[in-house]
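Heads up, there are several structures right after this.
There are two complexes below, and they share chain A, which is joined by chain B in the first and by chain C in the second.
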Partner chain A sequence: MTNHWIILFIIVPQVTGILSVLLMNKIRAQRFIGTLSFVFNTVFSIYLLLEVRAHGTIFVSQMSDWPAPFGISIVFDGLSGLLVAASSMVALGCYIHSFSLMHPMTQRRYFHPLIQLLMFGVNLSFLTGDLFNLFVSFEIMLMASYAMLTLGAERRQLTQAYKYILLNLIASTVFVIAAGLVYGLMGTLNMADLARIVAEKTAPGGEGLPAGFTAVSVMMLLVFGLKGAIFPLWFWLPDTYYTCPISIAAMFSGMLTKVGVYALARTFPLIFAHGAGHSMIMVIFAISAAFTMFLGVLGAVSNHEVRRILAIHVISQVGYMVFGIALMTPIALAGCLFYMIQHMVVKSALFLCCGIMERYAGTDDLYKMGGLLKRDRLLAVLFFVAAMSLVGLPPLSGFFGKLVIIQEGWHIHWWLSVLGLATGALTLLSMLKIWSYGFWNPPKGQHVVVPTGAPRPRMLKSGYFGVTLLVLTALFLGFGAQPVYDIAFQAGEQLTNPRAYISAVLQYDIDAPPHEQLAAAEHDAEVVDPMAVVADEREEATP
Partner chain B sequence: MTLILAVCVAVILAVCIYLMLGRELKEVAMGVFLLSHAAHLSIIAMSRSPVLSGAEGHDLKSAPILGMGSQPVDALPQALILTSIVISFAVMGFLLTLIVLTGRRATTLNVDDLAKEQLPTP
Partner chain C sequence: MMVSSIILRTSVRLILPLSLLFACFMSLKGHNEPGGGFIAGLVASIAFCIYRMSFGAEALLRLLPVHPRVLIFTGLGMAAVTSIAPLLFGLPLLTSRVGTIRVPLVSEPFHYASAVVFDTGVLLVVVGVSVGMIMRLSEELE
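Right, the complex of A and B next:
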């Protein structure tokens, strides 16, 4: 269904970003329009999601009204819609949190425009239906993230940033090469068109895919795996998230890796998992999921700095999502999608809590903090709910994500399911470590000099607001999992059986027999034959 | 022609891998510059007819261009390269700025020295 309003998800952050550059020295005005932009994105995406849930609609907008494989398509379906909604929500929470927890000097240096441009890139990569455009949106997002990583230009930040920037540059170049190869092989870059060609060629009696296709798939796996921080490619992540300001770290951990996982979840079931090396790629996925889950959580258990624990946990959780993709059944993909959005919300909430904990203790080293439970009940409650959601305690959101993936995985890769359960137990251990050291231990750290029972620091108010917003969202995802899962199951179904997606984007009925479509295409070609039009015009022009 | 392009891409890739393994940040940056050139050259090679035989109705490569002969060169790879050049240019600008800043703060651009300096932060 054509709906040109979905372009607003991309235009609104872009325009807001430009406006905030113009309002450079007026922090209040910048904050106001920034918040407005995120609120708009959240509300509008939820509104469209209700429509998607009710009718299973796929909203499509063709840029400049070029018909599908020729122009760029913007597609809002269940998968991208849920991710856009979750990322807008996360951005809103982190943005509000940053008002009080980010150093004013850092805020003055283009933070407000950059966060909008980051959202511009993230939303575009979720919504675009074109492989090369996906590259462009990755670059927009990465460019903003490079600048945000080095905001303030501290020594430590500068030296750490190189790892992230160089690796991403190399990955982007591989992406360009791979996209070029896809175009050379298939003659198109539109994802729906690619999916159509792949489905046609791999159907029984089809001629099969060209030999280089598996190579291209592996290149794509490398690129998206690096962005998503899956097993052999995750080494850049812990250090990067360790150095930057906490609100930015929360946003990055929530969104950036998920964009990589999203790209895997979108392109592999549709296109790249169907080459000659299909089974090998699935094995790579499964093994990578196993290592990502387990090594990530081991790293988290062995650390004692809150930021590091949380950052390495991102990797471990990405493992569950890749597990969902490795199974490649509709239900597992739905579980993967649900897990992605709940993880975005919960992980960012934990990072934001960590920001407030650092404010009290003056450090994020667990051995040097304690007694936060008495000092601040609200923070303790928020942290506990978020942590238990991450672990996956039954009524909370993480449970429903893991339940579906592990249950589905039991029949296909039972060993992965067992590993997933073990990882869950270790996750609980590492969260309890933060809980007992930070909240239960005898008071240590900066806040001890403040008398117990003193009112909360006034300046942190917006910090608490941001965390509360995300924790409430996480609670909603737990107690209201059903409506979200309705959409997720639809999305999983559409990924494994892309007929609806293809016919929505290419705007023709895929179920009609091919010769009728050919006839229709020829008929269209006759109607708009450009040479004939030009000839007519020339005749008219000459008297 | 494709063979020449392939050889060029291979040589450039070899050079930039050599450069990126260097210990100086400047060398690494130069390696990344070159890497994007290799990518662009490899896309140029894609402007021939696709490996798959033309799909019905939708074949981007046979898009009619007005006033041209029967076989115009496919223009899309050029558009892709143009986009990619602009992006890599922007990223390079950023990377060079970052290197200049690091040089001012740290007075060295050697990767080993930089790594040594920032080791333990008590």
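Right, the complex of A and C next:
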């Protein structure tokens, strides 16, 4: 279904970003329009998701009114919709949190425009239906993240950012090369069109995929794997998230890796996990999921700094998502999607809690913390709920994600399911470590912000508000898992059987018998077989 | 004040108008052939940079009496408005409106595309960004 307004998810942060540069010295006005932009994105995405849930609609807008495989399509379906909603929510929480926990000098250094540009890139990468445009949106997102990583410009921040920038530059180069190869092999970069061609060529009696397709798939796996921090490409992550301001770290841990995982979940079931390389790619996914899950959690257990534990946990959780992709059944992909959105919310909430904990202890070293339970009940409750959601205790959100993935995995890779359960136990261990050292044990740290018993200072109000917002969302994902899963199952179904996606984006009925399509073609010349048009144009171009 | 050769200064007087003219040509030509606002902006900003190299920063300020930031925002604003406007008419983002109008005293009808406003915006952004960067960098060098 055509809906041109879905572009607002991209335009609103962009325009807000431009406006907040204009309002550079008016910090209140900047905050106001920034919050407004995130609230708008959240509300609008939830509104559209209700429609998606009711009718299974796929909203499409063709940029510049060019028909599908030629122009850029913007697609809002269950998969991208849920992710846009979750990332807008996370951005809102982190943004509000930053009002009280980010140093005013750092805020003045273009933080407000940058966070909008980051959302611009993130939303565009979720919504775009074009492989090259995906590259562009990655670049927009990375550009903003480079600048945000170095906000404050401490020495160690710059060292880590250098590593991050270098790795991402390499990944981007590989991405462009791979995209070029895809265009050379398949003649299109529109994901729906690619999915259509792949389905036609791999169908019984089809001519098969061109040679080299597997190589391109592996290149794409490398690129998205690096962004998503899967084994063995995750080494950049812990240090990078360790150094930057905590509100930004929360946002990055929630969103950036998930964009990489999203790209895997979108392109591999649709396009790249087909043909001769299918079984090999599936094996790579499974092995990578195993190592990512288990090594990640081992790293978390062995650390004693809250930020490091949380950052390394991101990796371990990405493992579950890759596990979902490795199974590649509709149900497992739905579980992967649910796990992604719940992880975005919960992980950011934990990071935001960590920011407030640091304010009490003056450090994030667990050995120097303690007694937070007595000093701050609210924070303790918020942290506990978020931590248990991450672990996956039954009524909370993590449980439903893990349940679906592990249950589905039992029939296909039982050993991965066992590993997943063991990882869950170790996750519990590391979360309890933070809990007991930080909250339960007698106090040790310096009392930087509040002495025991004193009322909470006003300056942290928006910090608590941001965390509460995200924890409430996590609770909703736990207790209201059913409506979310309705959309997720639909999305999983559409990924493994992309007919609905293809006909929505390319705007013709793929199931219709050929003569009806011909009639439709006469009716509207633009929607004939798009490949024929491309071929004609090529013949004209080459003398 | 930098010392520059008289040859450079004399030739820049010739180069500057020519390259600005060429930039205009590029930006208008782009709608049917390769070219466009981006490349035109680069050509124009190279002209400004050479001018700055030979006559110094103050002369450039006299020639271009607005802050580069203003150029960037005017350009971004023009691009944003022309790309969002189609949404209000129920068309997708960035849709270009093409048509012809008759100008009095000219016999041929004038062909226009609304994308030209977008492209001019791009031109201004490119000029603003590159002139701004060159100005800042050369300030630090001197």
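By our rule, the second predicted complex is superposed on the first by the 509 of 543 C-alpha atoms of A that agree within 3 Å, B and C clash if a C-alpha of one lies under 4 Å from a C-alpha of the other, contacts with A are read in each partner's own complex, and residues count from 1 in each chain.
To be clear about the criterion, a residue touches a chain if its C-beta (ideal position, glycine included) is under 8 Å from a C-beta of that chain, and two chains touch if they have at least 3 such contacts.
Keep in mind the model is a prediction, meaning the values are calculated, not measured.
Look at chain A after the overlay: chain B and chain C fit there side by side. When the two complexes are superposed, the chain touching more residues of chain A, out of chain B and chain C, is B.
Of the two partner chains placed by superposition, only chain B is touched by A:132; chain C is not. In the superposed model, A:5 lies in contact with chain C only, and not with chain B. Once the two complexes are overlaid on the shared chain, A:161 sits against chain B while remaining clear of chain C.
In the superposed model, A:193 lies in contact with chain B only, and not with chain C.
Once the two complexes are laid over each other on the shared chain, residue contacts for A:169 go to chain B alone; chain C is not touched. Residue contacts after overlaying the shared chain place A:181 against chain B, while chain C stays out of touching range.
The gap separating chain B from chain C in the superposed three-chain model is 9 Å, by closest C-alpha atoms. Residues of chain A that lie in the contact sets of both chain B and chain C are absent, per the superposition on chain A. For chain C in complex with chain A, the touching residues are 73, 76-77, 80, 83-84, 87, 90-96. Across the interface of their complex, chain B is touched by residues 68-70, 132, 135-136, 139, 143, 146-147, 150, 153, 155-156, 158-162, 165-166, 169-170, 172-173, 176-177, 179-181, 183-188, 193, 196-197, 200-201, 207, 210, 212, 506, 514, 517-518, 520-522, 530-531, 534 of chain A.
By the touch rule above, chain A contacts chain C in their complex via residues 4-5, 7, 11, 14-15, 18, 21-22, 61-65. The touching residues of chain B, when paired with chain A in their complex, are 20, 25, 28, 32, 35-36, 38-40, 42-43, 45-46, 48-61, 63-64, 66-67, 76-77, 80, 83-84, 87-88, 90-91, 94-95, 98, 101-102, 105-106, 114-115, 117-118, 121.
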